[in-house]
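Across the two complexes that follow, subunit A remains constant while its partner is subunit B and subsequently subunit C.
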Partner chain A sequence: MTGQVFRNGAGGRIDRTVPLSFTFDGKNYQGFQGDTLASALLANGVRVVGRSFKYHRPRGILGAGFEEPNALVQLGDGARTEPNTQATRVELFDGLTATSQNRWPSLQFDISAINGLFHRLLPAGFYYKTFMAPANLWMTYEKIIRRAAGMGRAPTQMDPDIYARRFAHCNVLVIGGGPAGVSAALAAGQSGARVILAEDNPQLSVSETELADMDNVTVLTRTMAAAYYDHNTLILSERIADHKPAPAPFETRQRMWKVRAQQVVLATGALERPLVFPNNDRPGVMLASAAQCYAADFAVRAGNQAVVFTNNDSAYGAARDMKAAGIDIAAIIDTRPEISDSTRELATNTKVLTGHAIIDVASGRGGATRGVTLKAIHPDTGAPKGSPIDIACDVVAMSGGWNPTIHLFSQSKGKIKYDGARAAFVPGQSFQQERSIGAANGTFDHEACIIEGHNAGAAAARDVGFDAPDARTSPSGIPPAAQPLWSAPTGAKRFVDFQNDVTADDIGLAYREGYQSVEHLKRYTTLGMGTDQGRTSNVNGLAIMADHRRLDIPEVGTTTFRPPFSPITLGGIAGWHTGQNFEATRQSAMSAWHEAQGATFSNAGLWRRPEYYPRTGMTPAEAVHHEARHVREKVGVVDVSTLGKIDVQGRDALEFLSRVYINNLTKLPVGKCRYGVMLREDGFVFDDGTITRLAEMRFLVTTTTTHAGPVMTHLEYLAQVQWPELDVHLLSVSEDWAGIAIAGPNSRTLLSQLFQDVDFANEAFPFMGYRETNAGGVPVRLFRISFSGEHAYELNVPADYGLNFWTALLETGADLDVIPYGTEAMNILRIEKGHVTGAELNGRVTADDLGFAGMMSKLKPFVGQVLARRDALTAKGRRQLVGLVPADGETPIPAGAQILADPDAPPPEFTPAAILGEVTSNCYSPALGHPIGLGLVEDGSDRHGDTLYAHSPITSETVAITLTNPVFVDPAGGRLHG
Partner chain B sequence: MLHIACPWCGLRAQSEFTYANDGTLIRPDLSNDSIDDHYNYVYARDPRRGIQDEMWRHSAGCGQFLKVRRDTLTHEIHATGAPQDDLDVPKDDRS
Partner chain C sequence: MVDLNLSRSALDGVFTQGAFGAAGDPGVTLSERRGGALLDLSTGDIDATRRAIATQFGVDLPTKSGRTATGDACRALWTGPGHWLIKTAPKPNLERAWADAARNSAVNDVTHGRIVLRIKGPSARDILAKGCPLDLHPTAFPTGACAQSLIGKINVTIDCLDADEFDITTGRAYAKSLWAWMTGAAAEYGYRVE
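== the complex of A and B ==
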């Protein structure tokens, strides 16, 4: 059984040999290949497809494409479900499931429809007025309103599909595959220009084999131009697999194109306007062009008996096509007192009532249209007069004229202008390299569209240097079709915006309450704020407001069109940047080894760093403590490849570094390292690291892992922009060199065994010394520096050899009990030594706060020196670095705790003034056998020995702490220097 | 998305560049220890509705800084050059 009682046996662009089954609200229906969901529903006689947003009135299909405000459906279920799709743009496939939105509990019986009975309680601005105070009640109301409004449901599972992104360049980009667009693409293509033609429908409106044969022309169907940005950048959303039940394995679902075009031709067509009259939202009332499209393209009769209601000529063609499809045209009602003979000829054998208007639409079962009432209208005022006439019908095909689709033109910053003759906004002056043609330009004649397209395509190609075909002359004297605006002056609910339930009376109310500018009108009434962005409502709404204000439409103005033209999926925007591809991952040369050992990882910027290596029989914390203890007792190796490394060369390299570090570097000889600190221009500490003089005019400086990029940018800015006279060259070599720190009492013996040509004796290779050697021809850089406070070295080798040296160290050091350690143990070791990291270098500390005042050279100027002298940066009461130990010697110090003087004070989150400082780092110290921490405390340097309280607002713990020197282990430095 | 002509690499997409700073800033001389002068260099900005000079960096390209004369109203780019270049007309209307 077909059940497609409104489908004709012949005609249309559908393939009747491929029947398709689908469900709507759980009921089974059938359609054909080539149907949209909307055409298939109409073929099956489904009239009510949704409920309106505010009044929950039953609604039917209004349009046949982008303009559709009513037929929004939820597609599919599970992870692939998609809300708010326009049934008029959904291609039917076998097994499609769709459910209506905006109804609760069901489409036929909707509790909220009672809103309609009490509509006087829900005027424009209702939400603002009612829920203004108390403000927090809105939170409660909002949930109920949203549920009743039924905005569709977002999927809650991971999106299973693949989305791609593509960048493209072309000479001429044509948007729209109608007669004008195809003609433009042909002319540009014939010139040899690289052309992209994008069309939202599954096929172009005309079959054009010449276009398909051109290698320089790319035709993208099922592709919606969503946005027009600066410098002729356009975003196209291509739907590759949306017309299938699911993408094939590894098939991309959608592709987002970012196209940079030298020239753009906009052939985006026009959309029909509804007429505004009482009860014009009954299911069965639709745009004349939609009824025509369903009849001609899908062989679907929108109903059995139609009344055509128009104020212009275009609906006569629609009536003719509807009639050809077998719909009985009961009458054409024309608001104009007179029509031309040629127009009347189009309606031969059809009853035409000029100077009349529909004053009501009667509804039958389920709310669907069952007839209309008309009256003659006064030719000047439009006021109904005389006695009413009733006509039975189940379809009202209305036409209020046409709006050129100027959204992309407006996004391109082109100036739109109002064309009184066409009663529409049309493109004015272009802002970018762009041409609007065809119906999008207000040209509605078919032949004229083709010629306009040809000429625009050729001119665009010619503008970018191609030899394009000659311009054709337009048959002169085609007058613009007169399409006045019309709306019924009074009556029951006259809908302007169907999706947001805005009526003509709401606009009147907004006018009376002073919301008269278009932007106020929009926010107050929500006119044009739906997903259709007011495609069918804006101009009618403006016209009604203009009428109230006794202004012309251009004086009222229009709201701004913003991208996207029609909704696009978040999946498409994200592209392949999801899951582990959300951003790039940086791996050191030893990453795979860490992973094979079962290390856990944490992120530092884009880097993944091993936290610790699990040990059988140990908890994670015990394994970490084991690693830290082992370094102090024996020796450990840690991957420090992630540190930023910058090679600084040039005759003025020393001068340059002297200007950017606070330290005095003039006495730094070749073969020595120094710990260095740099400030930002505003005087706060920026970063720390080491400076090693590799040669007279060559230095290697290191940065913290997370600041590697910003430090490089800072240095390049100074070198290139502010001090171009300095001969200095900077090169980031962070990824060229793998870094390994070897720390612990046995480190010297271990390295001596591995590099036998290097003298590791204290005199030959002292603390802060630097040596170069090679192993089997591989250059090796050795630095005697220490982050842990132990006797330690850092080794740099070309990254390709990092893993070889890592494993060689572990193998050679097996007798010395070498173990690998991770960032957790490294963090414990540096807290024990009072070394600062990102937790302390938080952008709000000065060098003095961290105890670096002595490092600041007074003999030379450096970046940040002057502003670091500002009062607030030198005043008493600044927070200074201190060590923290629990007063009872055992209670862990809560992470991130606030430091207070009075443990019984009200919670610090309510008394910020009571906060003396904060805990920046905390851990259990295996070396000391108790918890320790670092913190920043007001005048902390003077408070060593004081007892204060660490209060965590998160865990509500309060722990008594004693302030100490921040260096817990080996404050004299014997281990370092020994 | 802007189309920016890198003086060394040619016309490239904005996504290859990073905005860096006001293009007219001159750091106080090293011998200048006036807090006010440094304060103005670090904080005081004079953003324009119209044509202004900006410093950008071809961060995902050659890494070089470049001066960009851009209209903040229309996003039109009138000229680009090396940081020390004097750009062609139309001039930044600041001086």
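== the complex of A and C ==
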């Protein structure tokens, strides 16, 4: 078969002057501008488009839009390939390539189809039953199931396209560009309200020039409303370039809209239900509305000869349109014993068999439909009776009634209710500022939809203060179309969920095995768990379960609708934030210099900090040790700009800080610093840093790099909520000042050369002193503080000058052998000095645990003071800070190791009580020439000299360690003070 | 010897002038604003501080949230109750001069801690809406409005100077990330860098 033999010469919304070439499974086909992939495949007579998930049965196109469960294809190839795409929603473009899924080695011959022959081995709940003993077999099953399941391939290359997010706000958001939605947008737009109208299709269903002319109305086509969250926040996914071979240069492929709307109008339409009958999944069996859509919108005949199978009136209109497109309607089979005269009039000159049902579908070449078998059915029980009738056909157009598309309504937390007359769930009480209209509200009459839309759009605008057009009167007395639910009571495979291969018998099995709640039914059978979220299957499945349980459908209930309404791309969700843009980074004034020196970087919060500077002829470890040794012997500079800095001012600044820190600060004079510790309310250590008194009523406090944000939040909370009566002003100035620490025996000489007007003599500028000066017109803050344990200073200058001072220090200090050092060496130096950092301040330690008990003032109250006195925080047996050295003087102490008394004890992960503590920090000490560490050990302060064992549960190493004073270098502090 | 007083932008070497992104008329012009001074002013005595500042610096500090006020030589952005960001010309001892005027207040010269980017052009609001969750429609965010918000997850202060002209202030350390975001977001509209 070649060419578009199922395409009519006229009609439809396609542009025959723009022919398009595409391939499906490697074969070339032609379509037209305006086609979907599905309509083009049907035009070319392609009937089988995929294999089913579990049984690998051949499947054809069932629907024409969102509802499609079968025609899932892999689009494109290489970096732009995309799996599980509904062919019914893919706009055709020239050069499109698509391949079918769930088949191996080919669509025509699929090895796994043998599952269909042994389907009794793959019943509902098969997945869960494989969990049963023997348990280890699950591993085997799982691999086979995964491979057989297919479901397309994820791309393995980086996505080359650009995705964007977009925030938007409006007075009225209308979802759905059908007659009701357009009418609502128009009425709201006429009031002057800011309106957004979103429609998934490439164009609105009615062309509306007035709408396009309104500046206050934004019409978004190719835009799906994916989610409806609290506060009328909706997520819309706009496909800007998906209908092109590739986006234009700099063009965004998809835009994810996050819309906050004061009012929402849902005009999301309705989706047709399939009927449940034996072999209802044969290619050629499709929804009547889909066959109608292909005929009317695309001028495509779904086949040559059709049987229409229905339980309601809507399929008669479909039959009329199919006939008009040239499809021979062999018969309309109606399960109802009687139909109205007006309905019968729609089918003039067409054979109508009421009180009949299809009891089987025969398949021919490739599995496609070649005929149906009918029987009369009992009007009450639905049981087939009498003799079978065979009718030849290649299309079965079925209609089981209509489900309003209530997914977004349900996501909005609106209460859905069951409408017996329509045999469908419809919107009930709204939970947010929302209105459902048109078919989404169970209104199926065209004129009534337009009026309902107008009234809802106007009312929504009026509710937010706009002068909206008057309401129109709805034609009254239009009865809802009767749509009784119906499913064949028995027979071969009667599919309910096409995508997940769930049959009516599977639901029966779930019922018999006790999985009767809808939520259990869903998990046990996987009903409704496909990418289509059961759009065609849920209500039929509920009806069958209700029948088994002899309950009404509302009593059975329904599962929860969850976002997204239909799958959206991860690219759209990520937007800009991928790769190096995943998170913002913070860089100091000296970052570019560090990069130019080839430093490696590590992250501290969002900051990027240099770890070490590579040196020719040295390994990374040797370079780090060189830096650390050099600081102890000569002088080094390190970028400490990342430390948190908070400016504290006000008449009550001192009182405020006294309440925040455990230290007594009343005697802190202007021009001096103090090391301070703050606790959380619960008495554990929160953070540490320095407090410097810049002026009588002005302080600068520093925090650790990663705690800068939390400490600022903590202080703001205390100032604003707990003690609003205090006159205190807080401002984070972390980024205003570049910070450089200058450490080592030569640091004083180096600074004396750079700042000649400052007296660096010990008496004039002692340890923990603070001085301000001016260098070359730049204000400079100098602090004599030390993290390394060496004679050291920290220098702060306004950030734009930071790099100048960094280079000036290196140039001035060249004769003194100054070098830059990174965070690795800094860490070694502070471990050697026994200074704690984030590794020790882990949220579980008290000030006493760290040896800071003496700093806790007894003369004033401070945050955490009361709860720090709790028994558990003061009792014997708490883990206290200790130094660790390997007993043999050379074996490295494993990182993160557990500390045990008995090296031969069972693995500590199974005997938590045997763990006496943990290694918190470890390194090789260049100053001492052997490995050292810090740890927290039960009653560690009393155990100096004891030998214990550090056991790593990860590497299984066990190393004998001796506990020591945590200060390894200069315990007397001579270097600091000298 | 290094010139210690050479002021270096956080965006030194990051951008070059010219036209970038989609072809055609650029949707916006992007530039870094250098040479101004920024002060953070916080007070517990709003009335007295407003009187003093109006007398000495000629600007009526706004008291309404999200509003700005422009004086003879400075512009004040409301950033909180009794809290303003002041944009003015740099002067020696600027911080001291304001602190002396606004007694019982805290003043910090934050010129070095922030960077200011200007975005101007017909696509400016569309670009900002790609990363800022606020309602930036001209009716909701008119000329003279200001807001503290996020752009691309980065804290910013947005100052609406004119219908399609905005100054975006952020922390100095975020300068490169914000610049990358701005140029990335502007690429589909085309942009000029000045």
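In this section, the second predicted complex is superposed on the first by the 950 of 978 C-alpha atoms of A that agree within 3 Å, B and C clash if a C-alpha of one lies under 4 Å from a C-alpha of the other, contacts with A are read in each partner's own complex, and residues count from 1 in each chain.
One rule holds in what follows: a contact is a pair of C-beta atoms (placed from the backbone, for glycine too) under 8 Å apart; a residue touches a chain by one contact, two chains touch by 3 or more.
Quantities reported herein were computed from a predicted structural model and do not represent experimental measurements.
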*In the superposed arrangement, does A:Ala164 touch subunit B (first), subunit C (second), both or neither?*
second
*asked:* I'd like to know which partner A:Lys258 touches here: subunit B for first, subunit C for second, both or neither.
replied: both
*Could you say whether A:Val721 touches subunit B, subunit C, both of them, or neither, answering first, second, both or neither?*
first
*Identify the partner contact of A:Trp607: answer first if only subunit B is touched, second if only subunit C is, both if each is, neither if none is.*
second
_Quick one: is A:Arg659 in contact with subunit B, with subunit C, with both, or with neither? Answer first, second, both or neither._
first
*Using the touch definition from the top, say if A:Pro249 reaches subunit B (first), subunit C (second), both or neither.*
second
*Looking at the overlay, what does A:Val733 touch: subunit B (first), subunit C (second), both, or neither?*
second
*Please indicate which partner A:Ala10 is in contact with in the superposed arrangement: first for subunit B, second for subunit C, both, or neither.*
neither
_Per the contact definition in the header, classify A:Ala875: touching subunit B only (first), subunit C only (second), both, or neither._
neither
*Of the residues on subunit A, which ones does subunit B touch that subunit C also touches?*
167, 258, 260
*Which of the residues in subunit C end up touching subunit A in this complex?*
1-10, 12-13, 21-23, 40, 42-44, 104-106, 108-114, 129-135, 137, 139-140, 152-154, 171-178, 180-181, 184-185, 187-188, 190
*Touching subunit A in the complex: which residues of subunit B?*
1-3, 13, 18, 20-21, 26-28, 30-35, 38-39, 41-43, 55, 57, 59, 63-65, 74-75, 83-84
_subunit A to subunit C touching residues, read off their complex_ = 162, 164-169, 194, 248-252, 258, 260, 576-577, 581, 583-589, 592, 607, 647, 649-651, 698, 727, 729, 731, 733-737, 775-778, 798-805, 807-808, 811
_In the complex, subunit A residues that touch subunit B_ = 167, 229-233, 258, 260, 413, 431, 659, 681-682, 713, 716-718, 720-722, 724, 861, 865-867, 869-870
